[in-house]
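You will see two complexes here that share subunit A, one where it goes with subunit B and one where it goes with subunit C.
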Partner chain A sequence: MELKDKLLSSFMVFEDRLNDESKHLNEIRNEAINTFQQKGFPSKKDEDWKYTSLNALLKHDYCISPQQETAVEFKEIKKYFIHDIDTYKIVFIDGKYSSFLSETTHDGIDVCLMSSALNKPKYKIIIDSYYNKAAKSDHSLTSLNTAFASEGAYIHIPKNKVVEKPIQIIHFSTGNEATLMLQPRNLIVVGENSHVQIIERHQSLTSNVVLTNSVTEVFANKRAIVDYYKIQNDNQQASLIDNTYISQKQSSHASVHTFSFGGKLVRNNLQFFQKGEHIDSTMKGITIIGDKQHVDHNTLVHHIEPNCESHQDYKGIFGDRSTGVFNGKVVVEKEAQKTNAFQANNNILVDDKATINTKPQLEIFADDVKCSHGCTIGQLDKDALFYLRSRGIPKKEAKALLMYAFANNVLESVKINAIKTRINKLIAQKLGVNLGFDL
Partner chain B sequence: MLHIKNLHAGIEDKGILKGINLEVKAGEVHAIMGPNGSGKSTLSSVIAGKEEYEVTDGEIFLNGENIEELGPEERAHEGVFLSFQYPVEIPGVSVTNFVKTAINETRKAQGLEDMPASEMLKKIREKAALLEIDRKFLSRSLNEGFSGGEKKRNEIFQMAMLEPKLAILDETDSGLDIDALRIVANGVNKLRSKDNAVIVITHYQRLLDHIVPDFVHVLHDGKIVKSGTKELALELEEKGYDWIKQEATI
Partner chain C sequence: MSKYTEEELQKELETKEYEYGFYTDIESDTFPSGLNEDIVRAISKKKNEPEWMTEWRIDAFRIWSEMEEPEWANVRYDKPDFQAISYYSAPKKADPNKTLDDVDPELLEMYKKLGISIDEQKKLQGVAIDIVVDSVSVATTFKKTLAEKGIIFCPISEAIQDYPELVQKYLGTIVPKKDNFYAALNSAVFTDGSFCYIPKGVRCPMELSTYFRINQAGTGQFERTLVIADEGSYVSYLEGCTAPSRDENQLHAAVVELIALDDAEIKYSTVQNWFPGTAEGKGGVYNFVTKRGLCETNSKISWTQVETGSAVTWKYPSCVLKGNNSVGEFYSIAVTNNYQQADTGTKMIHLGKNTKSTIISKGISAGKSQNSYRGLVQIAAKAENARNFSQCDSLLMGNKCGAHTFPYIEAKNKTAQIEHEATTSKIGEDQIFYCNQRGIDTEKAIALIVNGFSKDVLNKLPMEFAVEAQKLLEISLEGSVG
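And then the complex of A and B:
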């Protein structure tokens, strides 16, 4: 049976089990499964998927709703946490919440589980006002997630709260049920004037095949500040489709940094919607991959109202036979005068067989705006390499230093030092060097 | 120390060096002068091992060993240092970390342990003082946003840290004001000893007022067309290069 048919028939069984769910949610699910049924999985015929094929991933016979609970020892997985600073943690293993590994709270803020939020009456107002309101209802993979969504992180920060501790959302997969398909769903609602920092990671602990189709909705209310960090360094059999939707109100600031160092196939669909004036949206990324890895960044900033800014800066380093895609769309509506929109995508191809497809798309309907974009594809500068080698630094280390120099300005806007340190270590590891100092 | 025999080299089929012969002994300072395009920078790049240049004939010996097969880092490990005309910017890597890496990679190649941190720190302080470099400067990203003079001073700082046997200064005087020139020249002079040698590549006499050469060579169209002592540099300053060019074509 094809995966699509399997999912459609599983939905009926899945739906029967959800007998206490509200009528509202039930309608959302039914609408979503209908959309998925109509659209199916995207193919290369879709303009947005021209350079990324899911075909190989869809051939597996996935376990769609794993029942088995798997215990994992903290010491085995400690390294995947940012553990040198105090954080809240929402941890899942094969899609199931692990209370043992998590550190949640209801003390003034809610950092807890989507399953609770979807079922308990006390969260109903928030769920009714926000859930599935930013996610695109006509997008097939997002709809597939919406149909099956049952677990993930639920974060609600009421107004005027500065959350000091970053919140880590970590999805582990063990693949103890062989080939696994996971569909986590996160909802993050940040009240007026509140600040929050979130770190998200998907990590497979075995070499079993896993496909994650994740949806995250973030709502930044007036003057809220949301900083989101995504660390993608999964193993060779793990693939991730990340769909993140960020809806911003007046004078809010939202940033997403995506660090893509691993995984078989990673697709980041990242969309910002500016629903107010004086909004700032930032999206940055460093991609360093090799082997036959594939990373695709598909971004959208929708400038709807006047006097807003957006900043995009993606750096990519591609080795071996890896492939990268950057497709960045900026839409500036007629009303969105005085928009400042910047986009940059710079890439280095380290090997002859590596590929990058980069495509900026600007759709500007306003006439008083500043929009710039630039993309470059290059190789390492030979003069620079000679300079470093002439100081006694061997070729491999010299290349690594140059690649680091190329990518590191993306780290300047990272506000959590522990993350900077971690990313620097991952970069050094990814480049296979030990320089005797932390980059 | 350095012995160049009949060196022919070029880039992409274009011959630039057309038979260079040069011998530099330990303790000596040689100046190489010449008009633009005569091959001065090519010569320094070829000695340092830049791979884009192809040596088509002739040999380069360093301490009796033919270095043709050695990569730039291996030549550096053997004691060759090139002070670049245009040093490269490396954002995110501080001057200190860069120098530490260079020193420890060289030590590693020589089978030595990393330099102990305290010794490294002491050396950095000492050499920074010699070149009148502020400590804040050392934590800045390598060459990033440096003025022309700062870049050159930083090159000589690296030279001081690495203590090469053969230092080649490629137009180190360009972009330097009088004070910076004096500081840089003073730094180079302090590093001179009977065991090392310096090759100064320059257009002008003024650096040679401070770093006094034992020999001056004039490069023209890929060949050394005249050699002499420091008086030759003064003569060139006065008369320009045209008479040399004429002499060479006769």
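And then the complex of A and C:
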């Protein structure tokens, strides 16, 4: 059976199990499954999917809703946490919440579960006003997630709160099922003047096939500051489709840093909607891949109101038969005068069989704007390499140093030091060097 | 469509001929509107073409009838009805009773601004000319010079008769019949165009087609151009002219093929100023053009274009850099005003080693127009040390227009070096203030700034063209201040 048919038929079963759900949610689900039924999985014929094919992923017979709960020892998975700082944790194992590994709170802020938020009446007012409001309803994969959405992280920060500890959202898959499809759904609402930092990670613990189709909605109200870090370093059999929608109000700042080092296929759909003046949106990324990996960054910044800014900076290093895709789009509506939009995408190909496809797009309808985009594909500077080698640094380390320098721009704006250290280590690991110092 | 036997076809043709009588008067006839295999055959017959050419056209027609009109371009327009177009009409004869007084005064005013001579104006408007124009005699001497060098420069219909081996060898090699919808249509029904062959090692002494620009007018809406530069040769070719022409043809679907053999260089410049429609967005020409060049080893193709006319433009002059060390260049200015829409850019396909390409595109949008740059830079896996530099700048005037950039960059080789940058800006108030302060009025100041903005591209045009193009930019943007 085709995956699409399987999903459609299991939706009926899934829906029956959710008997106590509100009518409103049920309507959203039904609408979403209809959209998915009409559109199906995206193919290369869709302009947005021109360079990324899902065909290989869709061949597997995925287990859609695993029933069995699995326990995992903390010491086995400790390394996947940012454990040297104190954090809130929301941990899922095979899509099921693990209270044993998590550390949630309801003390002034809500850091808890989507499943309880969707069902308990006390969250109803937030769910009604935010849930599925930023996610694009005409996007087939997002709709698929909306139809099956039952679990994920729910974070609500009321007005005037600075959340002291970062929040980690981690999804583990244990490989109990030979092939597993996960569809986590996160909702993050940040009230006026509040500040929150979030770290998200998907990790599979065995080499069984996993496909994750995740949707995250972030709402940043007036003057809120949201920093979101995505660490993507999964194994070679795990694929991730990450859909993140960020809706911003006046004078809010939102940033998303995406570090893509692992996974078979990673697709990041990242969309910012600026619904107010003086908004700042930042999206940065480092991609270092090799070995037939495929990473696709698809970004959109929609400038709707005047006096806003957006900054995009994506760096990629592509080795052995890997493919990198960058498709960045900036739309400036005619009311959005005095917009400053910057977009940069720099790539290094280190192997002849690696491919990079990039398409930085601008659509501008306002005249008083500063918009620029730059995109380069090149190699490491031979002179710089020679300089380092002539000072006794071996070739491999010299190359790694230059790549560090290349990616460092992105790391500079990371506000949590523990993440910087972690990313540095991951880069060193990925490049196969030990520099013996932290940058 | 049902299949005919040859006899039936013959019969059909004969009866049709009788029915419409389009063979009676060679000077004034026009085919009935609509398109089918008979019309394609009739065009071919009319042109007295050899069998292989007729077959080629029929093949193209069959491909075309199975294709769908493309919709991916960032333009909106009412689709032309292909069955409502007449696919052949003989060049019009000058009307002996028409004088310059009958011509739209707005056009005459524009001619004056562009500095076009009275004789040229008459010719452009199909007014009978009473004095022998200089250009005719110039053309004769010019042809002689070319012939001495062995350069062939003639209408493509003549070339099909006189140099079938060259045409057969190269026609449709760079833009195949099935390349796209409009290329297939053009292949089936093209009526005329230019053919140019530069023999080995010859440097063409003059800019081809400047002197011919009047004589070559009226080649019709489906133009086919084929330029072949043999090894080590050089040619600079000019197409179109700055003078505005009010053409009744709504749809223009031209195909241009350039072939630069080893060490050859082709410079192809276009100035297009067709009817852009009224200020309210009514009418105007649809310009759907396929232009492509093939570069063999050490050769160079350079496209320069100034696009100010047409209601809808859809045009991507491209270079296939097949040979090692070949170079492709693209310089473009696209100006849109009122309700014009332009979706234009280039494709640089790097196949050979050490290939280089440069793209400079300047888009100026005013009024309620939409201006898009769409480009592709592709580095194949075997294209070692390929180098590309692209720059797309857009200038917006007012907040009712739009500027869009769609650059596609695909690299499959690690030694590739690609840079792309794009900016969007408006004319600074301080710049205008600076000019005003020095006694330059705002309209002139804008012209000055726009010229500065477009300088990089204007510099690439042949001298006499550059001067006219500069004026043309001013005229196109007239009244867009504010």
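By our rule, the second predicted complex is superposed on the first by the 438 of 439 C-alpha atoms of A that agree within 3 Å, B and C clash if a C-alpha of one lies under 4 Å from a C-alpha of the other, contacts with A are read in each partner's own complex, and residues count from 1 in each chain.
In this section, a contact is a pair of C-beta atoms (placed from the backbone, for glycine too) under 8 Å apart; a residue touches a chain by one contact, two chains touch by 3 or more.
Model, not experiment: these values are computed from the prediction.
Peer 1: Could you tell me if A:Leu349 is touching subunit B, subunit C, both of them or neither one (first, second, both, neither)?
Peer 2: A:Leu349 contacts subunit C only, not subunit B.
Peer 1: Could you tell me if A:Asp367 is touching subunit B, subunit C, both of them or neither one (first, second, both, neither)?
Peer 2: second
Peer 1: Per the overlay, which chain contacts more subunit A residues, subunit B or subunit C?
Peer 2: C
Peer 1: In the overlaid three-chain picture, which partner chain does A:Lys359 touch, first (subunit B) or second (subunit C), both, or neither?
Peer 2: second
Peer 1: Report for A:Ala384: first if it touches subunit B alone, second if subunit C alone, otherwise both or neither.
Peer 2: First partner only, subunit B.
Peer 1: Write out the stretch or stretches of subunit A touching subunit C in their complex.
Peer 2: For this pair, the touching residues of subunit A are 47, 51, 334-335, 337, 347, 349-379.
Peer 1: Inside the complex, what are the residues of subunit A that reach subunit B?
Peer 2: Going by the criterion above, the answer is residues 381-384, 386-395, 397-398, 401-402, 404-405, 408-409, 411, 435-437, 439.
Peer 1: Would you tell me which residues of subunit B are touching subunit A in their complex?
Peer 2: Residue list for subunit B touching subunit A: 45, 48-52, 71-73, 75-77, 80-82, 84, 86-93, 97-98, 100-106, 109, 114, 158, 162.
Peer 1: Taking the complex as given, what residues does subunit C use to touch subunit A?
Peer 2: Interface residues on the subunit C side: 72, 379, 381, 394, 396-426.
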